[in-house]
Amino acid sequence: MTQWPDLAGRIQDGLHVLPVRVYYEDTDFTGIVYHGAFVRFFERGRSDMLRLAGIHHADLRDAGESGLAFAVRGMDLEFLKPATIDDVLTVHTRLVDHRGARIELAQEIRRGEEPIARAQVRVAVITMRGRPTRLPKALEARLQRLSV
Amino acid sequence: MTQWPDLAGRIQDGLHVLPVRVYYEDTDFTGIVYHGAFVRFFERGRSDMLRLAGIHHADLRDAGESGLAFAVRGMDLEFLKPATIDDVLTVHTRLVDHRGARIELAQEIRRGEEPIARAQVRVAVITMRGRPTRLPKALEARLQRLSV
Amino acid sequence: MTQWPDLAGRIQDGLHVLPVRVYYEDTDFTGIVYHGAFVRFFERGRSDMLRLAGIHHADLRDAGESGLAFAVRGMDLEFLKPATIDDVLTVHTRLVDHRGARIELAQEIRRGEEPIARAQVRVAVITMRGRPTRLPKALEARLQRLSV
Amino acid sequence: MTQWPDLAGRIQDGLHVLPVRVYYEDTDFTGIVYHGAFVRFFERGRSDMLRLAGIHHADLRDAGESGLAFAVRGMDLEFLKPATIDDVLTVHTRLVDHRGARIELAQEIRRGEEPIARAQVRVAVITMRGRPTRLPKALEARLQRLSV
């Protein structure tokens, strides 16, 4: 049964899908969505995929000696089609690779079936002092379940 | 029956309620939600209340001779409690007054029952050339239904 | 002599003036500056006035037992005229009142001589645990010099 | 002689350098600059390089039959080091290639001499109806002067 609000999207066969609405704040004076807004939408998709996998910011903050965090190390972005005010888009996120401190994800934003933007994202697990590290085993196992 | 995605919130007895999630983009280095993020959340609430009332940006753009738009003329903001990453908040929006070109709304952001921030918002209907004007009658009637 | 870059604005007779440029990120699909962008511009003005007065975030973080921070408690905003892409605006900030944990500021954004937006801002000094507190005497004295 | 404000940065030997300050709005709850903020900083650098080259948004809007615009088609981003509140960064922008409707730029954000983030950016010149097109000759010549 669906609960309301149903905000974190859904995972099916390892693919996470998050709907996002385009608001005023996401557009610019050329009348369409600002390219930087897609970067925020991609981050929402990654955060909610981890949330549904059971990996919460609070768990990370309390892990290890100093706490852990995810840091984006690189993104290759393609902007394929414009999106506009009132559009409902979906952010599709898939875990591509995961070894040691490194995680790779493939993401796509769509309007219906139409691809709007794509991202290849490289994320590192780091300690709060900035050093690359591994996830604790319990969190690692949750992440592993996303690699189909 | 609930459709997925269910993004525009709900109206009950003239009160519109929109759930929003706090993401990285909404926080700042002090660890909590940046006060400017609440201003964006309030705008999402107003946009989605109008959307559910049947007043779309496209209708406005095509109305009158030059197109119409809503312009925020003033906001009185109170920030009552901090909100943090991963919080699910709700934006509550109520039409308080509406005469001629002027609309007044009362808004509140809550976490569960706890009030987090409040806004009194004054909006004007303007032509694309910036002059105050009235809404066309059909849209006016839809807005009127929100004043309970 | 002017050093380059000259980013933090200037204080004269207690009035701080900060120039800001309007970029893509500040505009929305209606072609003008998004009202939430002015909230960010006002914050830049307050931060840089404090910076020039010698009150740095690092000083605050290291003050008291748990560190201190400024928290915005309320803002009354008026949006008077639209601003557009490429505009150079100035943010004018004046300390209006300061007693104990409370600071009040009056701010105005102008394009040349023309007022674009105004804000009355209420800020509290808080400990990192969220309790209102006083500034340490050394920082208090620096703030006092801004009240002309 | 330097005029105040001196906001658009400087061009020397084809390299544009723009100083930017890190404010509250650019940071997130992990205590450092949000990766999406660098995307905004890169855009400010590109806008101001074009501004100093004499290519203004107003010129573009009035060019051709329907007006022209720049659209970001792709970005490859690397995030090398964290930046924090109060940092003064510089955005370095260089035109790498320019043929027909396509422009390629290499950008780097530094703190002093230290590289913080890098971007390879692909931009297209498009009509307001979204079709790739060439710049008018006068603007083309101004852009050409940036390729050293």
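Each chain gets a letter, A, B, C and D, in the order it is written, and its residues are counted from 1.
We adopt the following convention: a residue touches a chain if its C-beta (ideal position, glycine included) is under 8 Å from a C-beta of that chain, and two chains touch if they have at least 3 such contacts.
No experiment lies behind these values; they were computed from the predicted model shown.
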| item | value |
| --- | --- |
| Farthest-lying chain, centroid of Cα atoms versus that of chain C | A |
| Chain pair among B-C, A-C or B-D whose interface repeats that of A-D, sharing over half of the contact pairs by residue number | B-C |
| Chain B-chain D separation of Cα centroids, rounded to whole Å | 33 |
| Separation of chain A from chain B, taking each centre as the mean of its C-alpha atoms, in whole Å | 26 |
| Distance from the mean Cα position of chain C to that of chain B, given in whole angstrom | 26 |
| Touching two or more other chains - residues of chain C | 24-25, 30, 36, 40, 43, 57, 85 |
| Touching residues on chain A, where the partner in the complex is chain D | 30, 35-36, 39-40, 43, 69, 71-79, 82, 130 |
| Chain D-facing residues of chain C, complex | 2, 4-8, 10, 19-21, 23-25, 40, 43-44, 47-48, 51, 56-58, 85-86, 88, 90 |
| In the complex, chain B residues that touch chain D | 24-25, 27-32, 34, 36, 84-85 |
